[in-house]
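Dropping a structure here in C-alpha cells format, bear with me for questions.
Going in written order, the chains are labelled A, B, C and D, and every chain counts its residues from 1.
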Amino acid sequence: MPVDVEARVIRNTRLSSDYNVIALAAPEIAGAVEPGQFVMVKPGRGTDPLLRRPFSVFEVLRREGRVEGLTLLSKRIGAVTGLLFDVVEGDVVSCLGPLGRPFNLVDPPAEAWMVAGGVGLAPFATLAESLVARGTKTTLFYGARSGAELFYLDWFESRGIRLVLSTEDGSRGERGRVTVPLERELRRAGSADLESADIKVFACGPEPMLEAVSQLAAKYGKRSEVSVERVMGCGMGGCYSCVIPVRDAGGGHHYVRSCISGPVFAGADLAWD
Amino acid sequence: MSDLSVQIGPLTLANPLMAASGCFGYGVEYAGAVDLSTLGAVVSKGLFLKPREGHPPERIVETPSGMLNAIGLQGIGVHRYIAEKLPELRERRATNVINICGSTLDEYVELARILSDADGVHALELNISCPNIKEGGITFGCSLNGTFDVVSAVRKVTHLPVIPKLTPNVTDVASFARASEEAGADAVSLVNTFLAMAIDVETRRPKLSNVVGGLSGPAIRPIAVRMVYECQRAVKIPVIGMGGIASARDVLEFLIAGATAVQIGTANFVDPFIWSKVLNGIRDYLQRHDVARVADLVGTIDTSSREKQWTSS
Amino acid sequence: MSDLSVQIGPLTLANPLMAASGCFGYGVEYAGAVDLSTLGAVVSKGLFLKPREGHPPERIVETPSGMLNAIGLQGIGVHRYIAEKLPELRERRATNVINICGSTLDEYVELARILSDADGVHALELNISCPNIKEGGITFGCSLNGTFDVVSAVRKVTHLPVIPKLTPNVTDVASFARASEEAGADAVSLVNTFLAMAIDVETRRPKLSNVVGGLSGPAIRPIAVRMVYECQRAVKIPVIGMGGIASARDVLEFLIAGATAVQIGTANFVDPFIWSKVLNGIRDYLQRHDVARVADLVGTIDTSSREKQWTSS
Amino acid sequence: MPVDVEARVIRNTRLSSDYNVIALAAPEIAGAVEPGQFVMVKPGRGTDPLLRRPFSVFEVLRREGRVEGLTLLSKRIGAVTGLLFDVVEGDVVSCLGPLGRPFNLVDPPAEAWMVAGGVGLAPFATLAESLVARGTKTTLFYGARSGAELFYLDWFESRGIRLVLSTEDGSRGERGRVTVPLERELRRAGSADLESADIKVFACGPEPMLEAVSQLAAKYGKRSEVSVERVMGCGMGGCYSCVIPVRDAGGGHHYVRSCISGPVFAGADLAWD
C-alpha cells in the first residue's frame, strides 16, 4: 500500500523556462517504487489547489548506498505544476505513493526500446536503471519540440543507453516526430540484420503518440507497453475520473480506471479507436 | 474514553464518520489504507440494477476549493456488486450502506428488494439527487411528491434503514426532509453535489463531456452546513451531513449544526489517510471540552445573541 | 482595437465590467484606485429608503475560496445617497446602476420613482435576493409571483432600465429570469449570494452575528456559470453574470456561457486594481482569437460533442 | 492612494514559536507610510486563503539612507499568519498600502505614552521613531503574557524610549495587566510632581485593553488615541465588515468603517458600550 509523506524539498533545479526537477525527501516511497509507478503530490497548504496531481517518479536518489528520496520531472502547464516550478528548498510537498501498475521488464536477449515524447521522459530513468541492471540492451527514442527541451541526455548515455533523438524544429536529432525514426528502426529490425529481433517497446507521452507507437509495434510484431496520462482525482481507484477504454473479448470496449489498472497498459489492450 | 457511537434509526454506527458514495470506490479499493471496520459506515458507489459505462472523459475538473464531477454513475450493477464486492466487505466487517439509483420508481423498489435479501447490507441510501444523469434520480429529488413516493415505496419493501439523499439544488431543502420523514425514512443525508459547470475559454467548450457536473469539496461547505442546520430543525429523524468536510473541525461543525453522522467524500481523494486523523481530532475535542458522548454534540449550536446589541440613534 | 462595448437594453456600457453591489462601497471609495469612468458601470451598495445600521459584527467570515457576509445592508438611504454620493459620481463620469431594496412592494416603487428623477442614474438593479435581512427582498426573489409583481410595478414607474437581481437559492433560476422578462425587465443579473453559515466549534456559536450569511467568491463560480448558462437559454433579454469572477479568464467564461456583461464583487476586495488587469486580459484574448467585438463572444459555448463516443459492449 | 506591491521576502525572523518579523521589499509603501497606518497582505497564490489580512507596518527599513522595505510583526493565530510564519526568503507576499488614518503626533512639551498589549506593539516602532524625531518624550507601557513574549526592548531603549513592562505571569516587569502601572503613573502625573502633565496616550492591543486605557485616560483628563483591530475584508471602505460603533452628538452610536475612519480613533469617540 502507498504511504503519504510530507516531503521536504531538497532542491529545485530548473531545466528551462517550463521544466524543472524537484528532489523530495521521501525515502519511504523511493525505496518501494517500481519503474512506471507514480505519486500523487500536492504542494502548499489550503484547499486551492485542492486535488493532488499525478507524477511519475523520475529518479530514485541514493546517498552512500541509502535511498534518500526521489525526483520529479515537471512541466509547467497549470496551477500545481506552476507551484512546483517555484518551490524552494525547505518547502514541503505532500507525496502519496507508490501507486499504479509498473512496467513489465524484459530480460536479455530481448531488447527494450523506450519511446518518450516531451515530459513523457519521466518514467524512463527508473526503467532504464532497472533494465541496465538486468543487462537488457536499451534504446531511448526521445522527441521534443526543440533541442533545448531534450534533457538528461548525458544521464542516459552514461548508463549505456543508446539515444535516438528527434525534435519538431529539427534543432537537434532528426526533424519531426519521434515515431519516424522509431518506424525506420522497427522496419530494419524486422529485416533480421539486427542482432536480436525480440524487442519490447515502452512508450510515454501524448496520447496520439502512444496510439501511433502501439500501432507501429503491432505492425512490426512487437510487444508494447504504454503509460497513459489521464486526469486523475485520487490515484487510488476511488473516483472513476481517470478511465480509459480497453478492448474486451466481445470486440467492444469498456472503461477501466487507469490509476489502478494502469497507468501502464499493453498497447494492444487499449481501444484507441 | 469518549463514546463515539451514534444511532441512525435502528442502526448503531461505531462512530459518525461514513465514506460518501462515489468517493470511496466500492470500499475494497481503500482496504489497504484504512481498516474498513473502523469506519462508521462505507457508502457504496451509486448502484443501478444494470451495469453502466458512465460518461466519457473528462469526468472531473478542479474548481476553486472544489471539483466538478460527471462520472455518470459508471458501475457494475447490483448483482455483480453482491457477488463480487459484498463478500470482501463482509469479511472486513464494514458497515455497508448501499447507495441506490433508479430511472423509475420500480427500479428503486426492485433494488431495495434485492439488497434486503443480501447478507451484509446495513442500510439503503436513496440517491434521488445525482445531478449527472438525465434519467430519474434528481427528478424525484426535486419534487416533494416524487421524494415522498420513492421513499414510501422503498419503505414498504425493506426492513433496512432507508436514507434518502437530498439534493441542495432546491429552494427549501427542509421541506424535502419533512416529506422524507413523513414517508417513513429513518434518516436523511445531505448534501449531494451542486449542479455546476466550467468552460475552457480557449476552446469555448465545456470542460466536462457531460457539459454540467456536480460541485463538491470545501467550497460548498458553508452552504451544506446551513442546509443541515435547517433540516435538523425541521425533522425528528437523524440528519447525516456532508459537503466539503476535510478535518475534525469540519466534522464538529456539522455535528454542532445538527448532523448525527457525517460523510466524507472529496477530501478522501486528497488524503486517503484522513479517517484516523479526523477520529483522533474528534476524540481530542471531546476530551478538551469534557463531552462524554459525541452524540451529545448534535445540534448544540448556540444562536443566542451575546453581542452588544444596540440600535441606531 | 476590439470593441468592448455591450448593450443592456437601452443602455450602452463602455465595457462589460461592472462593480458588484456592496463590494465597491458607494464607488467614491475606489476613485483613487480606478478611474470610475473606465468601468462598464458602478453598482451602488444596496439602498433602502431610510438609513440602516446593519448587523453587529462579525459581519464577514472567510471560507474555502469564498467568504460569508451578513452586512445587513448598512447604508445611508436613498436621499443622502442622492445628496452626498451622486454628485461626485456624476463628476467622475461613472455609469451608475442603483441597487434598490425594499421591505414592501411600495418601497421598491417609491425608490424607483425617487431615483428616476435623480440626475446621473443610469439603471436600477432590484435587489430581491439579499439573504441577509429578514424583511422583504428575498421573499420576492424566491417567489415567481413576487418577482413578477415587483418587476412590473417598478417597470410602470420608471423609464430607467430595470434589472432584477436573482437569487441562486432556488430550484429553477431560469423560471425567475422568464418571470422577470415577462414583467418587462430590461435584463436580469445573477447570482446574488448563497445562503450559508459557519460555526466556531470552540464556542459552538455561529461565526456571524446574523447566524446565516451569503457565500460569495471563487467557490461559487461553477454554480453561477451554470445558472447564467441556463438563464441565457431561457430569455431573450441580456443576462448580467457574476459570482466568483477574479480574472479575465473568469469574465470570458461567463460571457461564453451567455452573460452580456459581468459584475465583480469579492475579488475587488482582494485586488482593488483588478479592473485594468481584467480589461487588458480581455483585450488580449479578443486579439489572439481575432474577435472584433466582445459582444460576439456572448453565449458562444460549443456543447456539440466531439468526444469519441462509443457504447459499452 | 495605496499601491499594491508584489513584495519579495527579504528575511523572516522568528521571535518565538508564534511571533515572527517578516521583512518585505516594498519601498513604495514603506516610503509613504505614516505611524498607525496598515497594509493588507496576502502570501501565496490561489484562492485559499482568499482575502488579504491587515497588518500594521512595524518598521521602515533603510539602507544607506534609502528606504528598502518594511517589516511586519506577526502573531500566528490562523491561516494567513500561519503562512506568514513559514515564508522563506524569496517568497512573494502581496502588500497593499499604506491604508487608514495614522496617529496624530504630539510635540514637546507634551509627552507621549504608548500602551501596547501583545502584538499591539506593532504600530509603536514607527510611532516612536516619529516622536523621537520631534523630541517628544516617549514612554512605552508594554504588557504580554510572559517575559519571553516581550520583544524589541533593546530597539526601543536604544532610541531613548522609557519602558514600563508588565507580564501576566510576572516573569518580567510587573505582574498583571499593563493598565495597572499605567493607572499608577497617570495618577502620579495628575499630582503634578511630574515635569509635564500634558500627556497623550496611544494604545494598541485587545479591545478590552483599549477600552480600559481610554477610560483611564479620560478619568485622568488625558487625550487618548487607540488603534483598533476589527476583521477587515478589504481595508478600503468597500465591504463594511470592519465597523465599530462611535458616539454621535445625540448620545447614540453609529457604525463607522474602521479601515477608513480608523484604525486610529480618539478613545473618547468610541462607543465602548
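Note that a contact is a pair of C-beta atoms (placed from the backbone, for glycine too) under 8 Å apart; a residue touches a chain by one contact, two chains touch by 3 or more.
This is a predicted model, so every value here is computed, not measured.
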Which of B-D and C-D has more C-beta pairs touching across its chains: C-D
Subunit A-subunit C separation of Cα centroids, rounded to whole Å: 47
Distance from subunit D to subunit C - Cα centre to Cα centre, in angstrom: 37
Inter-chain centre distance, subunit A versus subunit D - centres from mean C-alpha coordinates, in Å: 54
Residues of subunit A touching at least two other chains: 46-49, 79, 254
For subunit B, residues that touch 2 or more chains besides their own: 53, 57, 64-66, 217-219, 308, 312
Graph class of chain-chain contacts, one of line, ring, star, complete, other: complete
Complex contacts: residues of subunit D adjacent to subunit B: 46-48, 245, 248, 250-254, 271, 273
Parts of subunit B lying in touch with subunit C, wherever the complex brings them together: 51-53, 56-57, 63-66, 68, 142, 169-171, 194-199, 201, 203-206, 209, 211-212, 215, 217-223, 225-226, 229, 244, 249, 252-253, 256-257, 285, 300-303, 305-309, 311-312
Contacting residues of subunit B [partner subunit D, same complex]: 64-65, 218, 308, 310, 312-313
Residues of subunit D defined as touching subunit C within the complex: 1-2, 4, 42, 47-52, 79, 94, 96, 230-231, 233-234, 236-244, 254-255, 260
List of subunit B residues in touch with subunit A within their complex: 22-25, 29-30, 32-33, 45, 53-54, 57-62, 64-67, 69, 71, 74, 217-219, 246, 266, 268-273
